[in-house]
Amino acid sequence: MFDQFGLLPIDVALGVVATWLMLGIAGLLLQNNRLATQIIFPAGAVCSLALALAGVGGLSETSVAILPLGLPDLPFHLRMDALSSFFLILLGSASIGISLFSVGYFRNMANDTVALLTLEYHVFMAAMALVFMADDAYLFMVSWESMALSSYFLVTTNHEQPEVRRAGFLYLLIAHVGAIAILMSFGVMQGGHGDYTFNTMRHTHLSSFWASATFLLALFGFGAKAGILPMHAWLPEAHPAAPSPVSAMMSGIMLKTAIYGILRVSFDLLDAQMWWWGVLALALGLITALFGVFFAAVQVDMKRLLAYSSIENIGIILVGIGLTLIFHNFQKDALAALALTATLYHALNHAFMKSLLFLGTGSILHATGERQLGKLGGLIHTMPKLALLMLVGALAIAGLPPLNGFVSEWLLLQAFLLSPGLPHAYLNMLVPIAAAALVLAAALSGYVMVKFYGIIFLGQPREEKLLHVHDAGIWERIGMLCMVVACFVLGLFPTFIILQIDFVTEMLVHHSLGGSALKHGWLLLTPIQAERASYGPLILFFIIVAGGVITSLTVKKYYHGRLRRGPAWDCGYPEQTSRMQDTAEGFGQPIRKIFEWFMGVVKQVPTPFDTHPHFHSETHDRLWNLFYEPIKQLNEIIGIQVGKLQHGRIHIYLLYSFVTLLALLAFIQ
Amino acid sequence: MNIPFTAQIINMCAAVLLLIAFAMLSQRRILSLINLFAMQGLVLSLSTAVVAYSSNQTHLYYSAGLTLLLKVLLLPWILHLLIRKLNIKWDVETMFNIPTIMLIGLALVVFAFNLAAPISQMAGTITKSTLGIAMASVLLSFLMMITRSKAVPQVVGFLAMENGLFFAATSATYGMPMVVELGIALDVLVGMFILGIFFFQIRVAFDSLDLKHMEKLKED
Amino acid sequence: MEIFWVLGIPLLGGFVMAALGTHRLAPELNSAMSFGTLLAAVGLTVRVISSGSFSVWDEQFFVDAFNVFLVALTAFVGFTSSLFSRPYMRIEQHHGKLSVNMLRLYYSMYQLFSFTMLLALLTNNMGILWVAMEAATLTTVLLVSLYRTPASIEAAWKYFILCGVGLAQALFGTILLYFAAEKILGAGGTALLWTHLNAVKTQLEPTVLSLAFVFLLVGYGTKVGLAPLHNWLPDAHAEGPTPVSAVLSGLLLNVALYAVVRSKVLVDGALGSHFAGNFMMGFGLLSVVMAAFFLTRQKDVKRMFAYSSIEHMGLMTFAFGMGGPVATFAGMLHMTVHSLTKSAIFFAVGHAAQTSGTQLMDGIRGLLKTSPTLGWGLALGTLAILGMPPFGVFTSEFLILTTAMHAYPWTMPFLLTALGVAFAAIFGRVQMMVFGETTGERLPHPPALIPVFVHLILVLLLGLYIPPYLAAWYRQATALIG
Amino acid sequence: MTYTALFFQLLQNALVLLVAPLLLGWINQCRALLQNRTGAGVLQPYRNLIKLFFKDAVLAENASPLFRATPYILFACMWLAAALVPVLATDLPLSPAVDVIALVGIFALARVFISLAAMDIGTAFGSMGARREMLVGFLAEPALLMVLFTASTISQSTSLITIVETLAHKQFVLYPSMTFAGVAFVMVLLAENARIPVDNPATHLELTMIHEAMILEYSARHLALVEWASALKLLAYMTIGFALFMPWGIAESGDWKAVPLALLLLFIKLMAGGAGLALMETLSAKMRIFRVPEFMGTAFLLAVLGLLTHFLLEMPA
């Protein structure tokens, strides 16, 4: 689409990256100028738009570029094929809204903080863009770690709070260990002849053992970034700690870089897959999804809740990848294409829905200064515009028609339903169970979202100060509006989106839905055939709207329209206060009761004789004790033991070198 | 059995060196330790001179003279000076009891000989078997440094080790190039001075030369 | 001729500073001397790049790509460290830790120390190499014990005895080398010249050389700080003045490793096997792992970074041990970036310790608040040394790890564990020092942060772009040492 | 799409609207008879609706627009759901837009909205009801989907029309899996439509109420719409049940003559089903709220079991 300017998509993308970097530096230099941020962030948003367009251009035509940087015999290779372009679109389109929102959000922060934020924020985006475009292991790792680093500094923006520091540390540590694992997987794939371009990796053939090792390393490494169990521990810590636009960016976009990595390695770089990889991914994904949604249901901090919901969605995406792997291995390419489409679609959806919600929490945080659900409530009266925007987000992420969350889940379920006929009997058994678990997770996310939205916006304000808070500012609303629009477009016009995704599926599994998806016009989404499955979100939407409108009109017409306002029914108990509403803990209580065995619940129940009865109950992540604590302690123990070697006594030291000498001499004898 | 007389002398010296090394290992009194060290130097320079004579390598004479000057006169004198200044003539207590150390030393000698055996076969010099002894005396002085708990004996052990090295240099090969030997000698000398300064500093800091005070720096 | 200046200026400087060390402008003079050395080194480098390697003074001195790049590095870091030590030492004096005479000793020894290192690098004679190493030990011993505190004296003593004994082993190794060489090259001067040895290395007697290598490795390895011979290193780094810690970590260890590599070339050549390489890999791996676990329980900041130096020297030794174009290239790159980064870190740490009046990490808090530049310097330096892109340390680690992953997969678990543990240990503490509320107060003299950022910027550039001439230079060196 | 099809669509839209309250009335009447009461007659629901439509609406002070919009959304959703299930004939032009999964989605949408509305006023009852509704829902929804999946794996399709056509008009096969699915479906139906043993539609002052607790604040037209919507929901569920388990008699697309028969059969089925439901409600007792998860869990497991049996016994291996 840029041909008329003689530009390749990748040139545009690189231009955007460069501009971002320059904007960041400008932000750092102009730090005493208030206006700077007001200009820089919108400019960044414009770049995002350009990037998205470049991505659209890049879907159909692969373009490459080589920058004379990096290692002497390994300049930076960049490549923009369908997969990269798709994720670049994701990055570009989702970051528009976030950048616009940030203009308003960083409005009243200290100058130097904003300056640093501006730099880190734009470097972060640039790094992510480079991750998607990198075509050699070195550039990939460099941008990957730069991404981790910049996001780390973003997370620790207000580092005065110890828990923020802890969160940042945990995040960077897990990210770094993951990065080393990824690096090793590249080490295997480069196949000896120190050439690290992806192109060589594509053509090196690995034995099944080494291929599996690579896949496992990559899954571990990228999983650490995506928050797949059991490497999820950083996620619910880091997301709440970060400023909201950053949380949105991390949860909405950065997690997808890991998805991109898994897809890139397992479908593009590795020449052959094994079916059990798929099963592994499927199982991990399901566990992650269920874990995430269970814990989301019992959270009392709104950003933590969203963080856990991100874990759930990543799980769902991973399930999709697993299915794709399985189908692809049994040469069921149509199904593989369907599953992959669902996966990518959900990744795209999640980018918008989750960013929207995180941005919303940001506005709430600004207005009320509260993150605890237990101290919010009734905001729909004081922040009506925000409430409306957030309602869309909540419904979308709850996977309800006709919004976008439903489309991807629908596609994924179709993939499950059409799966029978795999050569493995056990797989055939496993698939419906997996589908059941997936549906359970999806249904629970509805529960979570009702809790989230209801507790924050509905009911009566639980605190005095909530009565006079201001609604979200204009910039913030514009930012969120972009997201809302995206949610609707993705929800109502799936066929067009799928046509774009087809380029990716064509590239990865050599098959696409394109033909069948559009057979029955753009109104009906028919992945295989109309008889087997079809879904017309637009029709659905219109029927519901029409139904509602008709009803209300008729009612209006024949009803006298008399209406009285009165107090809520107090059930014969006059002293009802807003504190008697259901709390977040209360709302999560049934889930906690059902899954108590699964999560470590610490309760403090008052005795009947307490003068100041106080009920307290918190839910802990058991995996922390099962998985992280032992490692920590082992490390401690070894540390102590090794420390003993540094004994302080010179004779002992002499003895060391003496023994070493004798040992070596004896060895060469 | 027709080894030339000079070679016999050198082997003799080697044997004496080893003997002295053992004597130092077992020596309790610090003064006699230093005397033994001086004696070792004497034997060393003697053997160097003999090698020089037998292989008429002139530069070895210099080296012998250097050794005599440095290791027999200068260093022992400095050491004497030091212990007089620091008045430390006390007995040297070792970390383990002497017989054990002797046994270990014996084992070391055997080990060193085995190690050197294949090499000394190819030695071009008239003194084949001395390399093993040199190595043995190096290891013995190492052992001595490990087992002595005071600063001065440790340093003496250090110097004795250098003697062993010199003996290796002269006997196995006809001495290192002159420039190298000079450099080594210079280092040893400077090192000795610095050590001397150190003894005083240690005295000031810990008012004792016992190394057990110097175990503060460690992981805890 | 450049060689004359490269060696002459610092040697002269030693005596000049001994004479004028008490003068008010002594620090500036010191820096000037180092700067002169740097200029001469640059000249030498340019000449080598343009006209290839050469040797002078009947081959006693020899310059090739391998050592000239170390010479340039040594001169550069020596200069920046002297810049740093100017304010640092003034502040120490202001805090009453140092007397004027101590300062004189410091400056004079500083110059002599850089002389000995340059001599060790430039000489062609394995014997002189040993002499220079020993001399370097002696000078640094005086530097480490500069404060005359019990702790510093203890550290210096251990340093002296351990390295002295170690080097004695190295001397024995050298003798054995000579012993093997004189049969081919004949007795006398030329038999210890590395160039000659390298020429005939295939004819040298394998058994002798293997024996010699053991002694050389143990000897110079002690100086490199390979586990389990490393014990002197943390003490010496922690107790000496910070500029000394910087040059110890940044330069001296490199020089020692240089000696090991030179010997490795000969030995592997003679044995026609990977004998020496395997030894080095083993020691390197052991050092990396042990250092990582030492790191987990550190309290003293300089001690911690000393252990990190052990880790990185281990990594380099491992890389050189693996050999092959990529690994050797990576090893040399790692030498460069490690010296730059680690010295930068020590600069920052030094001032950090001065602001908060303690070297204990629990006492250092909120550097970003006390002095933002200092805080950022430390934070970025630490991230760089931990192998975070886009800093250059990552580049070399990338090459080393990927090569190892392919050539020796079994080393991976160790390296992965070690790097992870080290990251957790170091970063966790540095974060505590950098972030949060501050406890420090302002410094009497403005801190020298230009060196810190100059180094970091260089490392950053090396991470993103290795200039072609530098690359060509590394490649020549790689070709030399295989 | 043909005009006949359009006609059928409109016909069904109107039909479900009219029939829904009647079904409710019939069930209540049966219950009354079974409990030896005379009962209010089958037309009572109509009277209630009319009454409610002529009352003055009372709205809580802090009721938000969401609260007022919900009844319409609810009504629209349920109407749509009921209108899309093939009851008379299988050529419904709008049916392709919504397959079984979307159908469940619509139910979920309605559920979410009514729960939000219940939380809107901020009374203890409302939010408690909402919580319980969602609790029931997140277990009922998967169970229902599993039931539908069993049918759709049999018919290789998720579109209701194809399912019906396969089950009704292809050669007759016995599907063991459908028995599991049937039981599960009935349990889900009871739970979703707030019937005993999960909830009691006939009470207001128990702490165990779910549905009634949510709509406690609604009055007049809003209440009317909500009630009508739940009647429609019941009808929709029943017709889904018929479509899955006794689809016989539903006319194939385009044959007119079958339609009157289909209509007749539909009424018979509805009467039978209603009576059965009433019988079940009379025989069983309301269970404690924390038994509900177990109840729904059982339904869920049964449904999954059904799907598995299908793979075990009915897959052409």
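We just call them A, B, C and D in the order they show up, numbering each chain from 1.
Note that contacts are C-beta pairs under 8 Å (C-beta built on N, C-alpha and C of every residue); 3 or more make two chains touch, one makes a residue touch a chain.
Quick caveat, the model's predicted, so the values are computed rather than measured.
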Chain-chain pair with the highest tally of contacting C-beta pairs: A-D
Taking each chain's C-alpha mean as its centre, the one farthest from chain A: B
Separation of chain A from chain B, taking each centre as the mean of its C-alpha atoms, in whole Å: 70
Centroid spacing, where centroids are CA-atom means, of chain C and chain D in whole angstrom: 78
Centre-of-Cα separation between chain D and chain B, whole angstrom: 101
Rounded Å distance between chain B and chain C, as computed from the means of their C-alpha atoms: 31
Contacts with 2+ other chains: residues of chain A: 643, 645-646, 650, 654, 661, 665
Shared interface positions of chain D, touching two or more other chains: none
Chain B: positions in contact with at least two other chains: 115, 142, 145, 214, 216-217, 219
In contact (per the touch rule at the top): chain pairs: A-B, A-C, A-D, B-C
Parts of chain A lying in touch with chain C, wherever the complex brings them together: 68-73, 112, 137-138, 141-146, 148-149, 156, 159-160, 162, 165, 168-169, 172-173, 176-177, 180-181, 183-184, 186-188, 190-192, 194, 196, 635-636, 638-640, 642-643, 645-646, 650, 653-654, 656-657, 660-661, 664-665, 668
Contact footprint of chain B on chain A as seen in their complex: 643-651, 654-655, 658, 661-662, 665-666, 669
Touching residues (chain side chain B, partner chain C) in the complex: 57, 115, 118-119, 122-124, 131, 135, 138, 142, 145, 151, 154, 158, 161-162, 165, 168-169, 172-174, 176-177, 179-180, 183-184, 186-187, 190-191, 194-195, 198, 201-202, 204-206, 214, 216-217, 219
Residues of chain C defined as touching chain B within the complex: 60, 125, 127-128, 130-131, 134-135, 138, 141-142, 145, 148-151, 153-158, 160-161, 164-165, 168, 171-172, 175-176, 178-179, 182-183, 187-189, 191-192, 205, 207-208, 211, 234-235, 238-239, 294, 297
Of chain C, residues touching chain A in the complex: 157-158, 161-162, 165-166, 169, 210-211, 214-215, 217-218, 222, 228-229, 231-232, 234, 279, 290, 293-294, 296-297, 325-326, 368, 372, 383, 386, 388-390, 394-395, 398-399, 401-407, 409, 412, 416, 419-421, 423-424, 427-428, 431-432, 435-437, 463-466, 468, 471, 474-475
